[in-house]
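There's a structure below that I have some questions on.
By letter and in written order, the chains are A, B, C and D; residue numbering begins at 1 in each of them.
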Amino acid sequence: MTTNQFMFFLFATIIVVFSVLTVTSRRILRAATFLLFVLVSTAGLYFMLKFNFLAAIQLTLYAGGIVVLIIFSILLTSQIAEKLEQPALTKKIFAGLAAVIGASLCIYTILLYNFIPSNLPSIGTNVDTIGQALISTGKYGYALPFEVISILLLSAMIGSIIVAKKRKD
Amino acid sequence: MDNLTLFIIIPLLTIFGILFCRDHKQVKIVSAIGMSLQLINAGILITMFLLQRAAGNTDMMLFVKDVVWYPSLNIHYFVGVDGISVAMIGLTSIVIFAGIFASWEVKDLSKEFFISLIFLSSGVFGFFISLDLFTLFLFYEVAVIPMYLLIGIWGTGPRHYSAMKLTLMLMGGSALILVGLLGLYFHSNPSGGPLTFSIPAISLVHIPPDVQRFFFPFLFVGFGVLGALFPFHTWSPDGHASAPTAVSMLHAGVLMKLGGYGCFRVAVFLLPDAAHQLAWIFIILTTISVIYGAFGAIWQKDLKYINAYSSVSHCGLVLFAILMFNKTAMNGAILQMISHGIMTALFFALIGMIYGRTHTRYINEMGGLMKVMPFLAVCYVIAGLASLGLPGFSGFVAEMTIFVGAFQHNDVFHRVVTVIAVSSIVVTAVYILRVVGMLLLGRIKNDHYLEITDAKWYEKLSTGVLIFSITAIGLAPLWLSELINNGLGPIIDRLLVVAH
Amino acid sequence: MINFSYTVFIVLIPLIFFVLLGFFGNKFKPLVSGIIGTSGLFISFLLSCYTAYQYFFVVPKIAGAFPKLIAYNTVWLRFTDTLHIDLGVLLDPISVMMLIVITTVSFMVHLYSIGYMKGEKGYERFFSFLSLFTFSMLGLVIATNIFQMYIFWELVGVSSYLLIGFYYEKDSAVAASKKAFIVTRFADLGFLIGILILSITTKTFDFISLTDPKGPALQQGSSILFLGLSTMTWSMIFVFMGGAGKSAMFPLHIWLPDAMEGPTPVSALIHAATMVVAGVYLVARMFPIFVISAPAALTVVAYVGAFTSLFAAVIACTQYDIKRVLAYSTMSQIGYMMLALGVSGYGGHEGLGYMASMFHLFTHAFFKALLFLCAGAIIHAVHTNYMTEMGGLRKHLPITHLTFLIACFAIAGIPPFAGFFSKDEILAAAFENNKLLWAVEYAVAGITAFYMFRLYYRIFWGKEQHYSHPPHEAPLVMTIPLMLLAVGAILAGLVPFQNLVTSDSLPFENHIELGIAIPSILIALLGIGIATIFYRKETNLPQKITRTLGSFYTAAYHKFYFDELYLFITKKILFDRVSTPVAWFDRHIVDGMMNGVSYVTNSVSGRIKGFQSGQLQQYAWVFVSGAIALALAFIYLWTL
Amino acid sequence: MFEGVPLTWFLIVATIMFFIGIYGFLVRKNLITILMSLELILNSVNINFVAFNKLLYPQHMEGMFFTVFVIAVAAAEASVAIAIIINIYRRLINIDVERIDEMKY
C-alpha cells in the first residue's frame, strides 16, 4: 500500500464516517462539528492531489467561513442542549431506500465504465498560474466567470442583509 | 393606404388615445370618435368593394394583402375580403358604434372598460378579414378573451360564475378549433411541399374524405359552441344575463356570428366532403336548437334570458341554413347573421336602458312602461316585431331566404326539418308578444316608475342607428343579398363539385 | 295602352302619411293629424275610383275578357333565378274591386274617427296606424306574386295587432291583441308552408303564371303525390289555412270576437270590411289552382265555410255585447263567401259561386262597416257595449237608427237592399252544386235575420233604460259616413258583377232565379218576425226558449267553449307541458351536463392537490426517486 | 500525473458522500441540518471535479476552477439561506421544515 493509497483510505474513511454522523446526529452542534471534519478531510484529499491553493480555499472558506456561519445560526435559532427529534421511521426507510438504490446505481455505473487515465504531466498549480488564468480573457481564461461570481457574491451579501434585517413595523 | 389593415389599426389607435385620457368624459369622446371612424371606414370599404365588382373584378377576394409573418411555419398576415366578409364588417362596425353609445354611462373604470371593448372589436374585425387560418384563430382568441374581464368586472348578478362559464366553454370550443385547424394545416399539401394556413390555397387541395370526416366535427362543433349549437349553448343565457349592456350587444350581435362565419368559411368550405356526409347530424342538432331555443324563451321571466334563448333559436337557424348547401339558404344564413346581429344588439341595448331605469329585469315586476318611456317602448316593440320576422325588417328577409332555400331540397328529410324550423316563427311570436304585453303594455305596477324619464340623446342615437339598419335592410334587401351572393359563388361551386 | 303606373300612389300615399304621422304626429294638434290622415285617404280613394273607371270602361278587353295588367313591378329580393319576391301592382277585376272597397271603407272610417276618437289619448297614433293598415291592405290586394301577398298579409296582421291593442293600458285589450296576432300567425305558418310547397312544384311565385289555367305551373304540379294527395292539394290546403286564420274560419276563429276590444272604427275597417275578407280574397286569387289542381282543397273550403257560417250564426243569437254579435255575424257572412267559392266551378255560369262570393264581399263591406260604425255611434252615446243596458234609443239617435235599420235589412237579405242580391247568388250557386250546403246556408239566412233584428230591437226599441246622461246623436262628421255607407248598402247590389268580376274575367248571363230568391226572402222575413215577437216589447218568451234549449244554449253562450279549449292547449299543454319542461331540461340537464364537467374537474383537482403538500422533503423525495427511476429506465431498461 | 489511487475510488467516495447528503436532506427536519446536508452534496461534487481534472486532464485547470466557483456559490447560497432561516425563525419561532407549508396547493 503506497502512501497515497493510505492517505486516501484515511481521508475516505473519515469522510464517510463523519458524513453519516453529520446526518444522523441528534445534537445539532455536534453535527456541525462532524461536518467540519468532513470538510477538512476533503481539503486533505485536495492536498493529496496537489491542489494546494484549492485545499487552502476549502479550509478557509468552507471550514472556516461556512461552518462558522452555520454554528452562529445554530446558536441564534436553537437550544443547544436540546436533542433534535427523531425523524419518522417511514421517512427514514424511504429516504434510505432512495439513497441506497441511487448510490448503488451510480457506483455500478462507475465500475462498469472504463476510465483512461492521462499520462500527461500535470500543469503547475501555483498561485501565479491561477491568478493569470483568472484574469485572462483568452482561451482557458476565466475573467468572465470571475466577474459573474463577484457580482453574485455581492448580491448575495446585500440580499442576505436585506432579508435578515429586522423590519421596523 | 391599406384599407383592411385600417380596421385593426383604428381600434388600436383608439385604445392608445384612451390611454392618454384624463377623465370619463374624454374616454367616451375618444371611443366615439374612433368607432365613428371605423363606421365610416366600413362604409368606404363597402363602396369600394361594390365599385370594384362593378368594374368587373371577379377575383374571389379583393384588397388582398399578403405578408409573411413567421416563415418557418409558413404563417402569413394574409387579409382579403369577399362579399360576405364585407357584409360582416359592416355589421360589426354598426354594432360597436351603437355599443359605445349604449355604454355612455359606464363610470367605474371606464377607461379599462372601453379599452377592453374596443380591443375585443379589433379581434372581431381581424377575424373577418383574415384569410390565414392562424391569424384567424389568433383574432378569434383576441375577440373571446376580453369577454372574461368585461363580464367579470362590469357585469351584474352572478358575474364571476357566468364569466368563468362563458370563457371556459368558449375556450373548450377553441381547443377543438385548434385541433381542426392543425388537421387542415398538416393536410394542406398532400404532394409534400411546404404546408400552408392559407384558406384560398387549402380550398384548392383535395383532402382525403376520411381525414375530412375526422376533422370536420372538431371544426364544426368548435365554432358551433360560439354559434350556440345545441347542446353547447348554455353559456349564452348565463353569460348574457350577467354581461353589461354593450358587452351583451357585442357578444350576441357580433361574437356569436364568429361561430357561424367560422363554420361557414372554415368547416364547410374547406371540408366539403365531410360536410356533405355529416350534415344530417348537425341539421338535426340545429333544428333542435331552433325550436328548443324558442320554447325555452317562452317560460323565462328575465328579459336577458328571453333574449338569450331567442338568440339560441335564431343562431340555430344560421347554422341550419349553412348546412343546407345551396346558394339561397346560405345567402339566408349570412343575412340572418347580419339581421340577428343588429336586432339582438338593439334588444340588449334596450334591455340595458330599461334596466338602468327600473333596476329589475323581471318582466312580472314591470308593466305599462309604454306610458312613461314611449321612445324606448316603441323601439322595443320594433325590435320585437323585427325579431318575429315582420316584413319591412331584416329578420323577415333572412328567414324567408333560409326557408325557401332549405325547402328546395328534393328529399323528404330536408323538407320535414324545414317545416319544423318554420314553425318556430309562431313560437317566436308567442314569446315576443308575451314580453311586449307584460313589459310595456297594461297598467304601471310600481308607482315609482312614474318618475322614469325617457331616452337621452345618446340612447336615441344608439337605438336609432340600429333601427335604421334593420329597417334599411328590411325595406331594400336586394343589394345586400346580391353582395352576399357575390361571395357565395366560389363556395357553392366547390360544394357542388363535391356533391357530384 | 293606358299607363297605370300612377296606381302605385294609391298604395304609397297611406304609407307616406303613416310615416309622417308616426314621426311627427305629436308635433301637430290632434285634430290636424286626423284631417291630414283623412285627406291622404281621400286622395287614394279618388285615385282608386279613377283606376276602376279606366280599368273597367276604358282599357280594351282582350278576347272579351278583362286583362291582367302589371302596372308596376320591381324585384325586391331574389332567391333563385326563377324564385324572387317582386313588389308591384297587379290589376285585374278582383284587385280593382278590392281597391274600391278598401279605400271607400277606409276613407269613411277615417272621417268617422275624426269625431269618434275626439279627446282620446294617442289620436295621431291612431291615425298613423290606420294609414299603416290601409297601406298594408292595399299592398295585399294589388300583389303581383304570392310572396308579396304574404308580406302584406303579415303587415295587416301587425296593424291589426297594433289597433286592437290601441288602449294598451287595458289588460283585456292587450290580451286580445296578443291572441289575434298569435292565432293569425299560426295560420300564416300554414300559408308560408303552402307557399314553400308551391315554390318547389311550380318554381314560381308569380300570380299570372301560377293562375294561368293552361300554364305549365298548373299542369305539372298536380301530378306529384305525397301521402295520397297531390302536392298542389297539400299546398292549397295550407294556403287556405292562412286564409282561414285571417278570415276567422272555424277553428281559427277565436281571435275575432276578442278583437272587438279595439276602437270601434277599427272593428269596422279591419274586422268587418277589409282584413277579414283577405282570406276570401286569397282563395279567389288562387282560384284557378284550387279548381283545376286541387279540387279536394276546394271542398274543404266549402265545408269549412258552411260550418263556420252556421256555427257563428248560432253563437251570435246568444251574445249580449253588441260588437260581439256583429263579430259573429261577420264570421258567418265570411263563411258564406268561402262556401260560395267552395262550390264554384271555373268559367262562365259554372263560376257563379266565384262571382257571388266577390259580390257578397263587396256588398258586405258596405253594410257591415255601416253596422259597426252605427254600433260605434251607439256606444259613443250610451258608453256601454251591452244590449241589456240599452233600449228605446230610436228617439235619441234618429240617424243612427235609420242607417242601422237599412244595414239590418241589407244583411238579412231583403230586397232591394244590397245583401239580397249577393246572398241570392250564393244560395243559387250552392243549390246547383250541393244541396246539403244549400240547406245549411238557407237556415243560416233565417238565423241571420233573427239575430240582427234581435240586436236592432234590443237597442232601439224595448224599455228605455236609465242613462247616466241623456244619449244624443253623434256629430255630423260621424253621421255623414253613416249616411254615405247606407247609400252604399242600398245601391251596391245593383252593380252588375256578372259583367265585371268573374272567375275567367269573361262576362256571363245571370238572372235572379225566383225559385231560390223567394224562399230566401220568406225565411228572412220569418226570422225578422220571430225577432219582432220576442224583442219588440219586453216579453219573457226568450227566457222560456232559453230554458227549453238548456245546455245547448249555455254552450252557445260560451261560444261552444273554444276559448277554454285554446286556453287549455296554450296554457296547460304548451306552456306547462312543453315550455316549462324545456326550460327545466335546459337548466338542469343540458346546463347540468356542462356544470357536471366543471364539477368533475373541480373534484378531481381537489383530490390531486394533496400532492402539493408544501412538504419540501416530500417533493425532494419524489424528485430523487424520479430521477433514479428515469436513470434506471433510460440507461438500463431502455437499451436492453 | 497521480499514482496509486484509481479515479474510480474517488468517484465512489464522492458518490457515497453525495447520497449520504441526499439522505440527510430527505430526513432531517431542522432547516440548518438540511443546509449542512446540502454542503455535503456540494462537496462530493467538488471532489468529482477535482479528481477528474487531476486524473484525466492534468494539463488543464477547469476542474479546479469549477470547484472554486462552486465554493463561492456555496458560500453565497449559505449566507442567503441562513438569512432566510433566521427570518423564518423570527416569524414562526421554529425552523422545522415540515411545518413550513404555507405555500401548499
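Definition applied: contacts are C-beta pairs under 8 Å (C-beta built on N, C-alpha and C of every residue); 3 or more make two chains touch, one makes a residue touch a chain.
Quantities reported herein were computed from a predicted structural model and do not represent experimental measurements.
The most centrally placed chain, judged by C-alpha centroids, is B. When the C-beta pairs in contact are tallied for A-C and for B-C, the bigger tally goes to B-C. Chain B and chain D have Cα centroids lying 62 Å from one another. One finds 101 Å separating the Cα centroids of chain A and chain C.
Averaged Cα coordinates give chain B a centre that lies 36 Å from the centre of chain C. Distance from the chain C centre to the chain D centre is 96 Å, each centre being the mean of its Cα atoms.
Residue numbers of chain D whose C-beta contacts span two or more other chains: 22, 26-27. Looking at chain A, residues 91, 94-95, 98, 102 sit in touch with two or more other chains. Each chain pair that touches appears in this list: A-C, A-D, B-C, C-D. Contact residues on chain D toward chain C in their complex (touch as defined above): 22, 25-27, 97-98, 100-105.
Of all the residues in chain C, the ones that touch chain D in their complex are 609, 612-617, 620-621, 624. Within the complex formed with chain C, the chain B residues making contact are 165, 168-169, 230-235, 237-238, 292, 295-296, 298-300, 309, 327-328, 368, 370-371, 385, 388-392, 396-397, 400-401, 403-405, 407-408, 418-419, 422-423, 425-426, 429-430, 433-434, 437, 440-443, 476-478, 481-482.
Partner chain D is touched in their complex by these residues of chain A: 2-5, 8, 12, 15-16, 19-20, 22-23, 28, 31-32, 35, 38-39, 42, 45-46, 49-51, 53-54, 57-58, 61-62, 65-66, 69-70, 72-74, 76-78, 84-85, 87, 91-92, 94-96, 98-100, 102-103, 106-107, 110-111, 115-123, 125, 129-130, 133-134, 140, 142, 145, 149, 152-153, 156-157, 159-161, 163-164, 166. Chain C makes touch with chain A in their complex at residues 617, 621, 624-625, 627-628, 631-632, 635.
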